[in-house]
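Have a look at the structure that comes next, please.
The chains carry the letters A, B, C and D, assigned in the order they are written, with residues numbered from 1 in each.
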Amino acid sequence: MPFIYNFPFFSIFICMISGIVTPLLKNGKWAYRLSLFASGAGFVLSGILLGRIGPNNESFSFMMGHFPAPWGNELSVGPLEAVLATTVCLVMLMALLGGSRDIFEDVLPEKQKLYFIMMDEILAALLALTYTNDIFTAYVFIEISTIAACAIVMAKDSSDTMVATMRYLIMSLLGSGLVLIGIVLLYCITGHLLFPNLQLRVLDLASTGQYTMPLTVVVGLIVMGLGIKSAMFPFHLWLPPAHGSATTASSSVLSGLVVKGYIILMIRLFYKVFTIEVIRELRVTNMIFLFGLAGMIIGSVGAIKEGHIKRMLAYSSVAQLGYVFMGIGLGTDIGIVAACFQILVHACTKPMLFSCASALSAGRHHNKKLHALRGAAYENKLAGVGFTVGALSMIGIPLFAGFAAKVLFASATMAQPVKMWMTLLTLALSTVLNALYYIPAVTVLWSRPEEGEAGEKVLVHPAFAVSTVVFITAVFFLGICYQPVVTLIQNGLALL
Amino acid sequence: MRLILELILPALLIVCALAVTFSKRLLVSVVIYTSFSIIMSVIWVLLESPDLAITEAAVGAGVSGLLLIYTLKKIHALKGTSDE
Amino acid sequence: MEHLLINHYETAAVILFGIGFLNLLLQNNLVKKVIGFGIMDSAVYLFLASQGYIVGRLAPILVGEVANAADYINPIPAGLVLTGIVVSVSVTAFSLALIQRLYQKYKTVNFDEIVQLARQKGDE
Amino acid sequence: MSKMAKIKKEKQTAWQRFCAWVNGDTADRPLMPADPPAPRKTKTDKNKKQKTVSSRKEGIELNRFGSIYRICAVLIGVAVVTVLMVTVLQLPLFGSPDNPAVNEVVERYVEKGLEETGAVNMVAGMILDYRAFDTFGESSVLFLAVTCVTMLLMRDKNNTSKDEDLLTAREHVIEGYEEDIILTKIARLLIPCALVYGIYVVLNGHISPGGGFSGGTIMGSALILFAVSFGMIRMSRFFTYATFKKVTSCALLVYAASKAYSFFTGANHLESHIPLGTPGAILSSGLILILDICVGIVVACTMYGFYALFTKGEL
């Protein structure tokens, strides 16, 4: 076995071990450096892995221990997992850099170390959710990311973050309860926990018609549970307060990565356990499709009503997640490719928007109301440019990443006439709605401030500059040369 | 004997759960919840899982109950006891 | 009906799951919400463990030299439940700590009241 | 309260009082009638008034949303329960040996478990060797939980007011002088027993029921008993936040390192060079004993940490 195959395991363990070591460090600064190191190391390792298995189109499974598939834990790695893991690590690194100043301001000095433990563990959990080949391991890491996500929301320790955390915690617990009972039922009817064996048994059950009803229930429960945790439309109400009130880096990580972790797991379960044909036969995809469409509209409407810039961005996340669910709901390979691409796009855009928004408000005494930010872009030009690029990408202007995602969605629907009309109409409507709140926000930021309104010039923090430049590059990269990425995702999906 | 236990204990669990839901005092809920855990640990013995029985007795009836009671103390819900 | 009686542990587990689920959703009192979560999780574990039980077989601790798979019950559910119990006690501790902090701020553990008070504070 | 009612209340039998106590009606009367408690005005009263003053329109809006939410929640709950009930009808019968869960996996765990892991207790062998990655995740969950509780409850300027600081200082002084004689005598008797039993359960985790988690909880409760009966000050002579951090992190590090070693050797098909020992002996079953000890230490510290943070907000 080539040594390079150990890299996924290394990247997970580096993150977990840096979380464990962090309490022994001297202060928050060191913990911050260790977190940067962990996510950077994860990025380098996954990047090398991607460079190796992407072009060769390889996939492999990695035994966690001395025992092969039905007995021991396993990781499974292919091009799709490698792409996602690389993005996750990169976004984590950049979110930490972009939000570093706010972390040290918002979190009390003696608790900063603890905050970085949570960040490390979240990264470990996300990587584990992307790589794992075992359904119960997935559950354990879902719980890790739940607890750590709640912790990074409440780290700011103001009164509204506490209430938001409680709401988030309750909904997450409901979600994990449903996922857990789904997993238990699945175990009861199949007797396996590893994906490949589960798939064999599920196909067996589907072909003999035995346990059809329990199987449907299992799929429903798992989709509902993961849907609650990733803010699928009727269960999205917890998201805006939680993402809108947390500190910058937390908001970036939560809406850029954590909600995506569960969706990635859902896609992998659909392919590696239930197989997409069975899912289509059970008509689960149609439900997801409708919820996705509703989420696109409802999220945008919520954002239009919102005057608080971070909560506006959070509502926009609900809408963008709606796109992802719509793609999954199409139930075809090409739809899911579009959904994966949208995950990448959103993961690169939303953290940038969040960090730019709070950098803009830094000159206005951290007032995050939109009307208080008139002309703030002139005080911190880089943040203004970053916000504008992000907003244009979210609306879907050509050359920006969001446009490529929309094109993919539109072309994915061509095969299904009924879904095509619904998708195209909703896409158009949601583009208009997106423009309705992003364009005014950008105009406000770039209009000349009135007398007495202007804040002081803000020094651009080098870490923030690096992260914004990287994010802008990523947005243009995904918007212009998206073809290789899409091919990579397609190959990866075929190998799942 | 065993059959009777196997039928009574799950029924008791449900009774406990309902009592927790509908009792008005938090202290009562917590005490009933602890007894819920004890019944659970007897059920684990019946189901031939001694590992779980030990863990449930130590965690469900011990530590969880303790944490709940201390929370009640902190939120001043221990009315009518000398602890308030 | 008979099936439900034979599978009485599973039936009880489903009812308990429902009670816990509704408690978690409907109770205003946060402490009771947490207890409801505990009940819900225990119900899932009961379900899992009762599916692993086989009449007349021993607990999965070896007796004698040679192990025969037909003598022992399924050890997997027990292992999974053990992991699950740890997870739920961790979550319980975390949520109770959060409740204490909320009480410090708002002097109540009723979630509706807390939401309302927080909204008033936000408006000011 | 009218006079009649008062007389009536005094005439209640013990049984009625007990019923009322169970129902929770008797917030102001204890189970054993003692001196009547003085009427007090707590902060909650004030708060209730404040609540009624809150703006009416918002209340109505919240109520409407609340009732819709309630109906939806009940519907979802009932639907989930019904669906699960119907599912139970189709599941294999309780206790039958031809359950689909009994397959080649179980067979290997039971028949080869002793040979491959060296553990007599198959559950321990399964969670600490065959499926060890899960269990590592589980210990991390515990570590995360205690970190979160520290984040929330450890005293800092956000969660402590001056009064509370004074109150804690006073409690410390009282603790130093007063020792409950019954408690301390019994604690002296119980703590060593509990500790020894906890250590026994941990060390025998691979031979008999129990293991790191349950044994650790028992040891943790011994520590808690010590803190309850002798006070936190005496506890802090040998157990402070610094020790807590060091012990937990080191135990978890040993855990992670040994697991990483076994994963690495396993995946790369290298030999692991860890002797399994004689089955049934304490020093057997390779890494499982070490892992059990690490988990035991982590859990004991965590449980004590929960207690200390919940009561005093410090370790």
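Remarks
We adopt the following convention: contacts are C-beta pairs under 8 Å (C-beta built on N, C-alpha and C of every residue); 3 or more make two chains touch, one makes a residue touch a chain.
Small disclaimer: the values here were computed from a predicted structure and weren't measured.
Taking B-C and A-D together, the pair of chains sharing more C-beta contacts is A-D. The distance from the centre of chain B to the centre of chain D, with each centre set as the mean of the Cα atoms, comes to 13 Å. If you average the Cα atoms of chain A and of chain D, the two centres end up 31 Å apart.
Chain A and chain C have centres, each the mean of its CA atoms, that are 28 Å apart. For chain C, residues touching at least two other chains, in rising order: 8-9, 11, 15, 17, 20-22, 25, 50-53, 57, 59-61, 76-78, 82-83, 85-87, 89-91, 93-94, 96, 98-101, 106, 115.
Among the residues of chain B, those touching two or more other chains are numbered 49-51, 55, 59, 63, 67, 71, 74. Taken residue by residue, chain A touches two or more other chains at 136, 140, 143, 147, 150-151, 154, 181, 187-188, whereas all remaining positions touch fewer. Chain pairs that touch one another, listed by label: A-C, A-D, B-C, B-D, C-D. Touching chain B in their complex are the following residues of chain C: 8-9, 11-12, 15-16, 19-20, 22-23, 27, 29, 31-32, 34-36, 38-39, 42, 45-46, 49-50, 52-53, 57-61, 73, 77-78, 81-82, 85-86, 89, 92-93, 96, 99-100, 103, 109.
The touching residues of chain C, counted against chain A in their complex, run 17, 20-21, 24-25, 30, 33, 37, 40-41, 44, 47-48, 51, 76-77, 80, 83-84, 87, 90-91, 94-95, 98-99, 101-102, 105-106, 111, 114-115, 118, 121-122.
Per the touch definition, chain D reaches chain C in the complex via residues 43-44, 47, 51, 54-55, 58-59, 62, 66, 70, 73-74, 76-78, 80-81, 84-85, 88-89, 91-97, 99, 101-102, 105-107, 109-111, 113-114, 120-123, 126-127, 131, 134-135, 138-139, 141-142, 144-146, 148-149, 152-153, 159, 208-209, 211, 213, 279, 306, 309-310. Note for the complex: chain D touches chain B at residues 22-30, 37, 42, 44, 121, 123-124, 201, 209-211, 213-214, 217-218, 220-221, 224, 303, 306-307, 310-311. Chain contact summary for the complex, chain B toward chain D: residues 23-25, 28, 49-51, 53-55, 58-59, 62-63, 66-67, 70-71, 74, 76, 79-82.
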